[in-house]
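Chain naming follows the written order as A, B, C, D and E, and within any one chain the residues start at number 1.
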Amino acid sequence: MDAIAGHLNYWLIAVLFVVGVYGLAFQDNLLKKLMALNVISVSTIAFFLNLGQKVGAKAPILPGGVKGGEAAAYANPLPHTLMLTAIVVGVATTGVGLAMIYRIFKHYHTLEESEILKGMRE
Amino acid sequence: MNKSRPTTILDTCVRLIIPFYLVYAIYVLVHGHYSPGGGFQAGVVLAVSVILVQLVQDPNPRWGLGRDAAVVFACLGTFMYAGIGLLTMAWGGNMLDYGVLPLGEVEAEVRALGTLGIEIGVTMAVMGVFVVIFNLLRGEE
Amino acid sequence: MTAEFFLANRPLWGVLISMAAAGLILLNDRRPLIRESITMLAAAGKFIIVLSMLPEVLAGKLVETVPWTAAAGISLHFKADPLGLLFALLSSGLWIVTSVYNIGYMRAMRYGHETGYYAAFALCLSATMGIAFAANLLTFFIFYEILTIATYPLVIHARTDEAVAGGRKYLVYTLAAGQLLLLAIVGVQIMVPEAEFTPGGFLAGQAPPALLGVLFILFMAGVGVKSAIMPLHGWLPTAMVAPTPVSALLHAVAVVKAGAFGVLRVVGYVFGPELINSTASGKILVGFAAATIILASLRALAEDNLKRRLAYSTVGQLSYIVLGAGLATPLAFLGGIMHIVAHAFMKITLFFCAGAVYATAHKERVSEIGGTGKEMPVTMAAFLLGSLGIAGIPFFAGFVSKWNLGLGALEAGNIFVILVLIASALLSTGYLLPVAIQAFFGRSSGTHHGGEAKPSLLYPLVITACISIILGVFPNIGLKFYELALAAVQSVFGATSSIAMGGQ
Amino acid sequence: MTEQFPALIVVAPLVAALLVPLTARLSLAVTYCLILVSLMVSLTGALSALRYSLVEGAWHYYFGGWPPPWGIEYVVDPLAGIITSLVGLFGILVFFYSIPFLAGKEPREKGYFYSLYLLLLAGLLGIVATGDVFNLYVFLEISSLAAYALIAFGGHQGVVAGFRYLLVGTAAGTLYLLGVGYTYAVTGSLNMADLGNLLASLQSSRPVILAVALIVTGLGIKMALFPLYGWLPDAYSLSPPGVAPLIAGVMGKVSAYALYRLLYFVFKPGGPVLQVLDVVGWLAAAGIIVGSVMAIAQKEFGRMLAYSSVSQMGYIALGIAIGNAAALTGTLLHIFSHAVAKGCLFMVAGNGSWWGRRKISEMAGMSKAMPLTSATLVVASLSMVGLPPTAGFFSKWYLLMGAVEKGSWIYAVILVISSLLTAIYFFRVLEHVYLKKDPGASLGTPAEEGRSLRGWELAPSMLVPTLLLGLGILALGLFNAPFVDGLLKFSLPWRTW
Amino acid sequence: MTRKLGYLSLVLLAALFIYVSLDLPPTGDPHSPPATHVSPRYIEKAYKETGAANMVTAVLADYRGYDTLGETVVVFTAGVATLLLLEGAFKFKKR
């Protein structure tokens, strides 16, 4: 039971990841694909944040610093930092993706990938 | 976009709320050392305030950031970050080793100041970029 | 930068001189006279360089140089040993003759865009020199591939659809062969990292017989395409769309002989006769060679286009060399080496004649050649001499090599080969003599075309025809081909081996 | 200043990229000077770091002065040194090459373009120089984002190609990040050297196996490993001709480098990694054949080159999969020879499109209109086929040696077959260029189209980089031994183990 | 058909992740490698060394400040990319 409780988060993250992959692979609409991409990146972020947790730990903020040996009492700040970067990367990618979608829609008047490819090969 | 005029209620609300946005952004930026926050968050709040004004007072916002100015902010903000890195190099340390900057006696304090510097840069950059992206995605002028 | 430096690196200069010539020719795009004189100068220079090594090599010294390392641990390594020098002498000597012929022929044919032609020609000779002097497998392969590529522009020179198709076929065959050869060389190099050609071979005992067998097949497939062993000969007749000097020098001397030379190198210097004889591989090679000799001769009989008939004749004659290698006895090997020389002179004469007839009278079919003998008596007389030599009549160059081959077959106890040799002699009489007979006695089909070919076409073929007779009587005269061949055989089989002193 | 070189390799183009959009509005001359200076600084840094690392060993540079497992470090060992030098050199050449293609654009547009160009370069350089797996991700994303945008700059088709690449490429980045996450979960570290030590005892742990698989998949997508190459043909062939040489030339190679670095310096072959490598080997072999066959079927020169890249990246992956000294030397050499040859070929394709010809059948008569470009095409083609004495031959030679040494004759046979297939499609192009009569004389020669070129067949800033890369192919072939003995030998993993 | 195979492979993918996750340290384990290897120094010394009480800020801006520079550059790249893609496109249309 403990094993399940300790790993439940990973399972949910795995499901979230697979949902994202599903969207990326099986949706024809470019906008939905972009959203699926965000789902994937969120699952990764959740995975990292999960690694930074400690049972009963406080947020890693303390004016005056922490005494030696008390490290276990505070959550691990490193994954948070990394994920701040990953979030920003995700936002940036989404921004560029939206800009491209805008251009694509203006020219092809559709966002369905199959139709766009048909129009492109002509 | 749509040519309808801004409603008075929205207009008034925005006028009231914007100053608080700005102050809050500065608070988030400066207080990043002691609580959750920092440059990215502050930049986003600033960008949101600009975008909000643009949304509400659509054709001719009375206050805000033009696209060109936003580009300048984005470039200079990021450059500020990298420039601090270059400064530390010029003072003989490794890149981003704030401790070598001649800003004080206690190394930790100097480092905190260096951190503040780059956070300001990040704020400017994030604000500039988001305003630019919004501005462009909004459509033709 | 002393004289010593110059002397030690002579094999390298031999390679570089025509490479430099190719570059200079490309720079003188619009000046035909300069272009041609560069070719002549390079040809003469190359011959002198190669010739200067003859005394030393005959005295038993090797001119050896490692000019640079081509790949880590594996060097570009040149060595002038008897076999290599023989090949180098032959091709560089014939380049001079061909250059003269070339100039006359190309002017007569007016193809245009000749700069690239001359440059590629020079590059081919450079590659041939590299093959001759290569001291290890990698060097051999590098120049082998350069030769492949440099010949391609020559094959397609006419730019007709037929020429392009021929070029394609040529590339498919030779590139595929090159890759197989590469595979074989890599396989050898894994076992013996230096992979230097060693008289008597270096592979014995290095690997299980099965692997050696596979390597041997790969090697033979690799060099067999250029030496046109059936069924790998398909490109050669098609490639006859090239201008005649190309057919003459490259398809009688440089390219195909590079393949045959490769067979000798692989058998004598990589695997070694002992290894070949101790397995079935030699017998299989002999079988293929014998089949090629007979089939190619039969095919030549049926061919009407003169150049293609000569090409099939080349296919057959090349297999004599392969036969000599496959028998792997001292005398057979000697015969094989001598056949490189003999066939070169005879076949180049024949091609020169065919080209002269084509350029002067515009006849390229055997059936329409009647009457040419009266208009161009000298040319056709040379053709007759060449034919007799190919047929292996005594006192012609072809006889020495075939005699030795026959003796070698006896040495190996292989009566079957003797039968093949006899049959082939009869067949080659059958496909070549009628041409001369037709030319002299046949009814003239066309109009009068103004007699003999012009001097620049005529002199080369007269010279080569004369040499092929002289070599038949005195195989060792002048360039000491026989002595070189003997030295090569002795180094491969050991000095004590029984070599009957034929010829001289 | 010299002690800052490892950082400057990346930071110089990065900083220039931040200023270029501003300076472009003021003065183009200043902008070009700025770009050139930053590229020069970067190249100088790369070369001197390379020299230092050969003499003194790897050059470690701690950002912020924090020692490794806590801070981020740059490690310029000989391997990173030569790859950064390659990328830096490409940066300069392609910069000159791209100038004429932007002639008609507005100054500010040029500013954005070159800003992205420098960011792409900085990203690639950062991937190579870094010694931290997460920092690698960040720079991977910088270079990818810049690449998406640059590809999308190539017209309406380019936008679609760029967007499709964005989807696949971001997914690849996320997979890589997830792989980093799994290794972080079992080790707690992000520094490559530290990870290398910690992972030694974790070879058979399941998360590590999955991490290797995820990282190989992620970087495999980036380097177009079969069957993940779907994005590549469009992305390479539809990107603007000005930057296509950079994108096609070095972008995939840098991912290959990252894969090599991670597999051989961080995870280190043993147990699970070897199994993954087996799979990579088979996929690479399949990619070699499929890429070649697809290339034969193409009508457009650029697309043919793109598919040929799929095949050639397979060579590189195959060498990584074989994994002995000869094969890894072959891989590294092929990273170079293929980068130079493919960059060169895309420049030739660009020159062709400058002349208005994109299809292979339209390239007839190119030998007349652009003799030097055509000659370069010949050299590059020979290198692609792998014929001596060009660079491509030697890398193939080492790969073959590696395959045979390991006893994988099947790989050797595939390499050989691929050479022949490559010969088919390249000689077809050469036939068109040299043998066919120009059908569309009405298109005119580049010189006739109102561009005063004073006897040059093309603008010098396009022609000279093309020729330089062509000479580079020959130089890499002829001076192969010093290159391998003096540089690549020190880049093999065993020296540092 | 291919669609069904695709769904199946997705399910398998999820199963794989779940199977592997059993070997990961459980959530909140204070003795897991991430909790014990590098991060203790951040927690214990961040304030003394960098003057920031918020350890995330300390790591973000100082220990791994170079990552954050990269991050800012990513944002900047996105901005310039959008400018390149859209600004020119609008101009194009007007002509």
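We take it that a contact is a pair of C-beta atoms (placed from the backbone, for glycine too) under 8 Å apart; a residue touches a chain by one contact, two chains touch by 3 or more.
All values derive from a computational prediction rather than experimental measurement.
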Lowest number of touching-chain links that must be crossed from subunit A to subunit C: 2
Touching subunit A and also subunit B, the following chains: D, E
Most distant chain from subunit B by Cα centroid: C
From subunit E, the most remote chain by mean C-alpha position: C
Distance-to-centre winner among chains (Cα means, whole assembly as reference): D
Where subunit A and subunit D are represented by their mean Cα positions, the distance between them in whole Å: 28
Centroid distance [mean C-alpha coordinates] between subunit D and subunit C, Å: 44
Distance between the centres, which are taken as Cα means, of subunit E and subunit A, whole angstrom: 8
Subunit C-subunit E separation of Cα centroids, rounded to whole Å: 67
Residue numbers of subunit D (touch at least two other chains): 14, 18, 21, 63-64, 134, 138, 141, 145, 148-149, 152, 159, 184-185, 190
Sites on subunit C at which at least two other chains make contact: none
Subunit B, residues touching no fewer than two other chains: 34-36, 40, 71, 75, 78, 82, 85, 95-96, 98, 129, 133, 136-137
Chain pairs that touch, as defined at the top of this document: A-B, A-D, A-E, B-D, B-E, C-D, D-E
Residues of subunit D defined as touching subunit E within the complex: 14, 17-18, 21, 63-64, 66, 69-72, 105-106, 108-109, 112-113, 115-116, 119, 122, 126, 134-135, 138-139, 141-142, 145-146, 148-149, 152-153, 159, 182, 184-190, 198, 205-207, 209-210
Of subunit D, residues touching subunit B in the complex: 1, 4, 7, 11, 14-15, 18-19, 21-22, 61-65
Touching residues (chain side subunit B, partner subunit A) in the complex: 34-36, 40, 129, 133, 136-137
Sites on subunit B touched by subunit D in the complex: 71-72, 75-76, 78-79, 82-83, 85-86, 89, 93-99
Complex contacts: residues of subunit E adjacent to subunit D: 16-17, 19-20, 22-25, 32-39, 41-42, 62-67, 70-71, 73-74, 76-78, 80-85, 87-88, 91
